[in-house]
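Before anything else, here is the set of structures, which you'll find just below.
Two complexes follow with subunit A in common, the first pairing it with subunit B and the second with subunit C.
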Partner chain A sequence: MNSENAKGKTTFRDFLEKDAIQSVIAALLCIILGLFIGYIALLIINPSGATEAIVTILKNYFTYPSSSAAMKYLGNTLVKAAPLLMCALSIQFCYQTGLFNIGAAGQYVAGAGAALYCALSLRLNWSICLLAALLAGGIFGTVVGILKAYLNVNEVISGIMLNWIGLYTVNMLLMGVKETASPYTVTVSSVNPGALLPSLGLGSLFTNNKYVTIAIPLSILFAILIKILLSKTVFGYEIKATGIAREAARYSGMKEKRNVILSLFIGGALAGVGAAFLFLSGYEQWSVTQSSVPGMGFNGIAATFLGGLDPIGTVFASYFIQHITSGGSYLDKNIYPSQISDFISAIIIYLCGFVLFFKLHFGGFLKKRREKAAAAEGGENK
Partner chain B sequence: MESSSEYAIEMLGITKRFPGIIANDNVTVQLRKGEIHALLGENGAGKSTLMSVLFGLYQAEEGIIKKDGREVTIKNPNDANDLGIGMVHQHFKLVQCFTVLDNIILGDETVKHGLLQKNVSRKKIVELSDRYGLKVDPDAVIEDITVGMQQRTEILKMLYRDNEILIFDEPTAVLTPAEIDELMKIMKNLAKEGKSILFISHKLAEIMAVADRCTVLRRGKCIGTVNIKDTNPNELSRMMVGRDVQLVAEKEESVPGEVILHVENLSVPSRLHHKNAVSNVSFDVRAGEIVCIAGIDGNGQTELVYGLSGLENCSSGKILLGGKDITNAPIRERSVSGMSHIPEDRHKHGLVMDYSLAYNLVLQRYFEAEFSTSAGFLKKAEINKYADRLIEAFDIRSGQGAPTIVRSMSGGNQQKAIIAREIDKNPDILLAVQPTRGLDVGAIERVHRDIIAHRDKGHAILLVSLELEEVMSLSDRILVMYEGEIVGEFDPKKTTPEELGLYMAGARRAAS
Partner chain C sequence: MILLIQYTLIFASVLTLVALGGCISEHSGVINLGLEGIMIMGALGGALTLKYISPSLPAALIVLAVIVTSMLCGLIYSLLLAIACINFKADQTLVGTALNMLAAASATVIVKTINIAENPDNVSSTVQYVQTKKALVMNIGSMQLNWFIPVAVIALIAAFVMLYRTRFGLRLMACGEHPQAADSVGINVYKMRGFGVIISGMLAGIGGIVYITAGVSEWKFEVGVAGFGFLALAVMIFGQWKPLNIGLAALLFGFFRALSNVYSGFDFLSALNIPGSVYNMMPYIISLIVLAFTSSRSRAPKAEGIPYDKGSR
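Coming up: the complex of A and B.
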């Protein structure tokens, strides 16, 4: 690529100039800063327990002294990281097409509704439930896509509105399968164990954690697939061209409207499957009285930016965000509100814009240094 | 410092390096007070870099800048502004939805008690526009006015700030012939009023017409400064390119064959108003001929090409490509059926600016079996190989070759990439809209040769050009468009630019 590499010398500076490395450095900086600001907040709320609290958040399942218990709760964190990763991939995929899919939250809800309805009302097998979630999420995405492609309706507006439409539709849909004494849907394991995602023995790796299923490896597989799709295929070439330069895509004869719709369908399907990954593991039940859109889709935005807009980076970012979110639940509730970890991840999200900022400025800084060095070198040669 | 006042600005021994390239190598330019000093050079010769150094956008590694004989440091555009240096950029920097007046005062507003004093500003602007003959309507909104008027707004912006040194960065690239004449007059006026002008261009005719002296750059080096009085276009182009250049394309007599493109009663709607931009146009383009659509910008040429290429739906009429009806065919179908299109707006249509050069070179062909597998994967090795071949064959210059992001390339080389892509597709009909816009003489010569070679292979070419010189030298047949209609057909050997001009301006039309 550059002259120094050509000579076979790879300096530390070359290493730092690599895009991926800069993303990682920026993400780490962002995490450290986020934790630091979170720590300050903890200090303000209660100075004496702050250090212990931040350590608890970071330790998450390591709080448990026995390694078997720690493994079990690592499993729980992973169970929730998988749907988060799917939502992050959804947002990322659409972002490549130049679309900000804030509707991932609603597509996630639609997927949850479809999966649970098929599992609890129709008593179908897990594979059908998964497919239903995929389609439901995909259809929600498609609606946004059609509005965008043909009527140029801003995808953020239509996405947010569909979030709410989705939430209340799903609440109504699942009213029939809720427990009589609570607002929660009946458990999948009690009504239709066949709808639970198979574990394939994965649970035994995590001290027999029954919630650990194929969802976890599948979500990572999806990340790899998206990575390949975007960087290696004709479809990815078209999708990205449409995202970066819609008119140029049209000029070259790409069906740019179809690409917009298709990319939102795929985005929606990813979020829908993410929901199925959570609810078909039996880890959570849906509350039909909830009046706020689940945060999973929104946290996906954080994960995707923290992951430097790269599917593989997003795998780690999703895990991290879920790690501190789970860690937050171990805090002493008498002193700190459990939302403190939401607060920290919110700050990290806020700082995520910094990832891009950092890449821009640090990259620019390195370039300047290189120019100066090149200038000095050139001067000596003369 | 006895004669320090002879020069308004001096750039002495400027050297600016970028990784892998020396953009300016010990370049010296001295601008006398009240003169128009042209800066001539090919694309990528270092003109823009040099001006960016003067304007404080880059810092030179070596060399000094003197203003009125005193050494100055220019760290950023604000410093440049304080020294009275103003610049009209090639791509205007105007707020589209603001009025002319608002744009001129932006950043230098007259304020009293925190309130804008637009009347004071207006008076100053009207005075300036009278004094220098810059006709503008201060209350017109930028997006509604012509490119020429937008440029006059940019010039007024500099004058409003009392700039003494005016830099024009390829100001004629976007103008119509009439607007160019107007601009030339304005520039002479400005010089007469004591302003010193640096005029960046690669158009020899304009430099000959307006400049007093000319400094020529080639590949970052200063070739020399000459008095325009003592030189001629051939000498200038030799200095610029480093060899003799044919300024007029040489070609054999055309041998028209069968009809490739048949256009019948075609009408294309306008995006600006509810009428047709192209109305009831009929013509044929035959194999082995270059048909040129001449006309002043905005007379329906753009829309005609949009209609032919499929970027816009036609409202009525018929288009046949090799006998096949493609009137309502999608863009991709036209492209695979043998149509290539060098678009007018290379940034909007021609290129995916954030893609690599290699990716852009396969923009029309990425789906072909040569570049993608049946499973839908891109064959990156093949794409790079193909790109390397085109880069070599068409002399496309870029920082890192095939992986270079197109946005970072110079405008001329971006254009070369498009031309390479479209001609190498070996189309039956090539729609070329202003293919040499923004290119220097060396590259223009090259493009003209490529187009003629394509014709000689027995293909049809429909050329849309605003430059009469190009029209006269390249075409085998000329169609003049005026207000959406074809008002005359000419043989370039039997007509004159003056006659064409009359038809282009609508003063005359052929009996139909």
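Coming up: the complex of A and C.
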């Protein structure tokens, strides 16, 4: 009838039909639904303070009235978001090869062990500690890769087994450098300040937060590198081809076994470096009596799927996941358990499972509308 | 020695129950990686029943109540997997992992909420069931076993009969091997897969409560079930998806897990002076080795992990 209007609609529809836009819409929907379900859980626990609690989680460091304190705690959130981003990238890179690298948690643990051992026991410089973490994580990943490529072992199960093996090994390894009175390892700053990651003045941007180091920009740099590697290089193309169709990749002459192992090595290295980013900033000490695998690797799964399996999207998703995780710690512990943030992250991952279905149907819906519009237009022309 | 046998039997029964769950789900064509989470939920249901039930009730009733609630919790929780993976064709690995994380987080939240409601200063995630746990114990000679062991044996026999001797079991397996063929002769693949997941949820739910009542009278829900759901999957692969082999594999894995509990009781083992962490690692190392040797000749159901789409033939 009025073609201008139809054309205007079409451009908006074009916009909606873009894959990246659909990913963003899906991620936002997951977040909103996840927060809503979290809010319901808070209401059930204690209805009177629920609204305030969900606001606290979302505000995180903004709960501090002064901007300098808020900046300082923004720094803390970023310090923990950097390793999370690295774990998320690890999972994402392997997912491109069709592998679900749940072993990222163990590769992270291995990296932490190697970095701290080199820093505290061998008293090495930070760059060598970082390299050791990279190799340790990479080796853990390679084991999974070899088992997968040559012996057809399910990477999820072998990854989980290595998570626990890594945890107990690292506990044993760091037993020698723990504080006498506590189960925690001695602080890096007291024993070997040379192993702390350099700050290059970044800390002063965050109200002299001494934990803010080059780790934060480096992790974003890694995200960009992964993006380039996957979308612009032959190796990235082979990785993705192996992920989509392993047999076809082999048929076209790609070394699919090598690609599987290499991608798990890179994935493991990313997670290992992530651990070094956290522990070499001095922000956290390792507890040698801990009996559960750190959640960083698992939260990485949330971040990577929320980020729509895109390295740049993952940067934002990692920040968001860490933002609400840190926000959870500001809740009144005598009313609300801080794990409510983990609960929300887990709900978000679960909902991410529906993204493909959503995209398929949303895309299908748009296509149908377009066909209808085209048919209507065609009818008029007659 | 008696302690070792006792723990071996208890852990083997946990692994048998959960691995059978995994086996039935995979035979229907759905990889259930959420077993770990389902175990936590079953354990939570059972632990809360133990906490609130009156210890003066007859022991048999307590045992029954615990089993039924654990089973129901597992069943309800597994529905989340069934709906996402069967009806919405979601990635089974992703959803399974999400369920594991969700179970750990929500169990901690629930237990903490209950504890805080009782006493605002108690922010731990521990449930205690010292008194009522005694009802679960079954003494044979000087061995302190529990009533879950016969339950595991019954489940094992029932699973064998169901899979190989009933119409339902054979149809279930057809859906995991070749769903298109099953559909063409009028079997509702979605429904069968739903049943597969639900049965696995019930079994894993019982497995969860058995695990957390093995030798202890309280459980800290923050630690979850320490990868036992995944050990069960390793048992299932080692058992080549066959119930009776799974039972034997569970005994082997149960033995190594028991060793980490009781190694200090053996003079020659404690004389070796190996750190406790090595024994803790043992079940995981063994399962890696076993997987390395058995996975290449895998007898996995052919269509497992692939969402069934009526349109694609």
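Please note the rule applied: the second predicted complex is superposed on the first by the 372 of 382 C-alpha atoms of A that agree within 3 Å, B and C clash if a C-alpha of one lies under 4 Å from a C-alpha of the other, contacts with A are read in each partner's own complex, and residues count from 1 in each chain.
By definition in this document, a contact is a pair of C-beta atoms (placed from the backbone, for glycine too) under 8 Å apart; a residue touches a chain by one contact, two chains touch by 3 or more.
Bear in mind the structure is a predicted one, so any value in this text is a computation, not a measurement.
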| item | value |
| --- | --- |
| Simultaneous placement of subunit C and subunit B on subunit A, clash or fit | clash |
| Partner chain(s) touched by A:71 [first = subunit B, second = subunit C, both, neither] | neither |
| Partner chain in contact with A:214 - subunit B first, subunit C second, else both or neither | neither |
| Subunit B versus subunit C as contact partner of A:244, first or second or both or neither | first |
| Partner touching more residues of subunit A, whether subunit B or subunit C | C |
| Partner chain in contact with A:43 - subunit B first, subunit C second, else both or neither | neither |
| First (subunit B), second (subunit C), both or neither touched by A:234 | first |
| First, second, both or neither for A:339, with subunit B first and subunit C second | second |
| First, second, both or neither for A:312, with subunit B first and subunit C second | neither |
| Subunit B residues within the subunit A interface of the complex | 17-20, 22, 61, 309-311, 330-335, 341, 343, 348-355, 359, 363-364, 366-367, 372, 376-378, 380, 400, 403 |
| Residue numbers on subunit A that touch subunit C, as the complex places them | 41, 45, 100, 102, 147, 151-154, 156-158, 160-165, 168-169, 171-172, 175, 291-292, 298, 301-302, 305, 333-335, 337, 339-340, 342-343, 345-347, 349-350, 352-354, 356-357 |
| Subunit B contact footprint on subunit A (complex, rising order) | 1-3, 232-237, 240-241, 244-245, 247-255, 367, 370-371, 374-375, 378-379 |
| Residue numbers on subunit C that touch subunit A, as the complex places them | 33, 80, 84-85, 88-91, 93-95, 97-99, 101-102, 104-106, 108-109, 112-113, 116, 120-121, 123, 125, 222-224, 226-227, 230, 233-234, 237, 275, 277-278, 280-281, 284-285, 287-288, 291-293, 295-296, 298 |
